[in-house]
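First up is the structure itself, then whatever we jot down about it.
In order of appearance the chains are A, B and C, and numbering begins at 1 in each one.
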């Protein structure tokens, strides 16, 4: 037993009032489904059923799109930018006021540590609404072209890794530009989006501006295929992104796709080593590695590979895996059984291909979906664990000898979302940043996000940006009106 | 150009043109060529034989474009601007030939052809001037809430396949090509199927200008035959479908679907619904064709003592 | 307490330094190359790490343990020009009986006073109380005196019965790159800590991190102090702001951790100045545990240089014992402000 054992420090669940079941948020109200079924949302940390939610049918999607269209041609479409902005400010404030409630709910439904939902997800979600609120009456200053205005009805499909934050990334710019929204949260994490629907009511947002339809792949497909949708925004896997791109081919629907990644986190021998180790840990174990831009491939300069591995392992020994609601938990639960199976399968492949597997000693809870933080050393570019997105707390360690080799290995993937570079040599940082084919390059830091900072990928990591002036572009059309 | 005019004493040389790939002028690996007639017709007054590019020619062109990409993308913006301006200079020197070919290809009057060639040259100049400006207009510092220097800047997407407009054989071509290459992309162009001569002459102008070999590759031939191979090619990062409008046997939606396989950036043809129309290329362009082939890269770095 | 480490007293610092540096002769150049070869510290990343450690939530039993551990790690300090024998006696009495209402309260590790006050402290503490006497020396706090004066200052304190010596380094020499001067200064003071019977007072090296300004300097000064034979590295005199910050302490904890990897020896860490609340103290203990490791969670290897911290810890201790918030009238105060 350690000398300094941290006693359990659970965040109270009392702040969250879940209903036993939820309908669909369409036209400003929670409504019953037309022909849809129901499914359960569980806590991945305990497999406890949290609530029953609706699997929206295509008729439900029809209703939601119609409600969004009415709002677009109606009150919301006619509203001045100034007033639109005030609604966004209002939502931002409510998110701040209800921050604890959202944080606890997010950790319950998603399995992520409360420290992260409290310190990252929820504050950033509020910040996104604040940031975009200010754009609502300033579109013509965004240098997007002449006569900037809303596109229309936007379909948005978001993933389970940052449920509320991804919702904010999608809804805030869409509304700022004057669009209306039909959003589908992921089937394993629908609850914070439903709570957000209550926030829309609380903010008196006009009916139909935001519609939340819960469901799985079929519901998402119904949104993608719906002829009343003018623009799609999707965050999720590259495989689904490609399906969407195919689905809308030959139509006039616009799309932004925020997809997978296999980021290299590159450590040079002159790196600030203690911070680099923190960056490696944050890069891959933040949010259980359920992060599209996770630094899942560690590229270490050969001369310091052993030292970095030793320091990394020592550091991983202090990670606290367990109850997501415990304020001292660093690594929470894997989001779903399916995801756990995928991680398990890919790590087994890693071992079978000859990489060396290591995990710190840690006890895992008996119920729920859990996976030990895992490091593979002796990994080559050819290994599946170096090529495929694992989307879990699994790090593959590779080595390099020169900056050119590091760049070549980092870029040798169909993905191009993010990359990390650690060196104290300024000119090398700038050279590396030029060479890396990735939408976000974190130099001497990792996994930093901000509403003002565009985020998005090269190559098969998708297209379009979210955040900043660039993110706004995806929700605006320009030129003469037809 | 017409074979029926001219002095009776001399037998005219009938021209057989080749492709432009990697700075060289190869024949189509298929050995095929096709006859080009005046006014973009499928018969009538013979103008020349054009190489009928194949999927393998397109593949070779992609290889050449990929090879040329790092150096061209890595060239200074100032340098790329100079190189593009040089293209305008070289075209100006061959103005008469371009006018004659546009006139023959598009069946327009001498005056109209002169106007179109002038605009095409001016378009190179317009984009040349953008080379060292768009990054400032489109990029910038992001005021993040933390002690970080955070900057976003545009970068070229990579290898871009361009279906050149079918009707506007020179101005349309320049209007879609210049915004691709000015930012450091390299291009594989499928020229207007029935009006390829201005594109061929442009390739000769490019070859004698300062544009590095492989930056622009021009394949003549049947759009419907070659375009699907470019749309599905995994080493192509983006595709401009402008030339799908009016191309025989081309359904642009199918090309877009094929492009989804590696998530190419796709510029759809103008028009509404499934219909594709060729826009008026004489209109003053905006930045949309340039930005369509740019990636925004954001770099973070902490600020500390 | 760890017993696996070699005794520091036996070390001949210059010869070991030559070994570690791989140099036949210890020069300023070789020291500079070595110190500047240490990995850099990214300020933002280091502060983010410290802030994360500060979010640990320490409750119930672990809080009770942490409070007692923190009390036992305090160097209860008075370092005023206005200090008198009476003030020092009061401080020592407080150290012997921190909380008269609860005899189970641990005693602090030491009292820390000026060298001339050591005899008065000894009067009260006697031998075998478990409370050591630490004396500041070497022209504390500025360190601006010649070497003979600093050495005499040290010998005087040791002769007066100090168990521990808290020296200051010459920050001017350090900042102007005269690392060899700083090394020699520490090594010579270390020699001056040796008593006639061959035993030695433990030497704490105050780097005055607030004057070193950058974290790179803090890391280099930490390694230089360890190389020269310091038994402890200590942040501050308490006379310069900022004094003991959590990020600076994290860097020092990294340094002693890495030093042990290199040499097998443990060196202690003492943040001093500015740590006034139990909440702050617990953050430091979390850092000790997660950065250096549990071996340092021992008064022999970790100290707080503090005065008012003790009473805040006692208030918290009372609250946990009686289940109600306590007040300052329920803890004794032997060093109220003069003003």
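Keep in mind that, in the parts below, a contact is a pair of C-beta atoms (placed from the backbone, for glycine too) under 8 Å apart; a residue touches a chain by one contact, two chains touch by 3 or more.
Quick caveat: nothing in here was measured; it's all calculated off a predicted structure.
Student: From the Cα centroids, identify the chain that ends up most central relative to all protein Cα atoms.
Tutor: Given all protein C-alpha atoms shown, the central chain works out to be A.
Student: Which of the two pairs, A-B or B-C, is linked by more C-beta contacts?
Tutor: A-B
Student: Farthest chain from subunit B, comparing Cα centres?
Tutor: Centre of mass proxy via C-alpha means gives C as farthest from subunit B.
Student: Just how far, in Å, is the C-alpha centre of subunit C from the one of subunit A?
Tutor: Here subunit A and subunit C have centroids separated by 45 Å.
Student: Where the CA atoms of subunit A average out and where those of subunit B average out, how many Å apart are those spots?
Tutor: Chain centroid spacing, subunit A to subunit B, equals 37 Å.
Student: On a C-alpha centroid basis, what's the spacing between subunit B and subunit C, in Å?
Tutor: Each chain reduced to its C-alpha mean, subunit B and subunit C end up 71 Å apart.
Student: Where in subunit B do residues touch two or more of the other chains?
Tutor: Within subunit B, residues 146, 148, 302 contact more than one other chain.
Student: Could you tell me which residues belong to subunit A and also touch two or more other chains?
Tutor: If we look for residues of subunit A contacting two or more partner chains, we find 444-445.
Student: Which positions in subunit C touch two or more other chains at once?
Tutor: In subunit C, 42, 44-45 touch at least two other chains.
Student: Hey, which residues of subunit A end up touching subunit C in the complex?
Tutor: My answer: residues 2-9, 115, 119, 270-275, 278-279, 318, 327-328, 424, 444-445.
Student: Which of the residues in subunit C come into contact with subunit A in the complex?
Tutor: 39-42, 44-46, 48-49, 55-63, 65-66, 69, 251, 254, 285-286, 289-290, 294, 297
Student: For subunit C, which residues count as touching subunit B in their complex?
Tutor: Residues 42-45, 213-215 of subunit C touch subunit B in their complex.
Student: Within the complex, which stretch of subunit A touches subunit B?
Tutor: 127, 143, 145-146, 238, 241-242, 245-246, 249-252, 257, 259, 414, 429, 433-434, 438-445, 448, 450, 452-456, 458-460, 462-463, 465, 468-470, 478-479
Student: Note which residues of subunit B are touching subunit C in the complex, please.
Tutor: Residues 146-148, 302-305.
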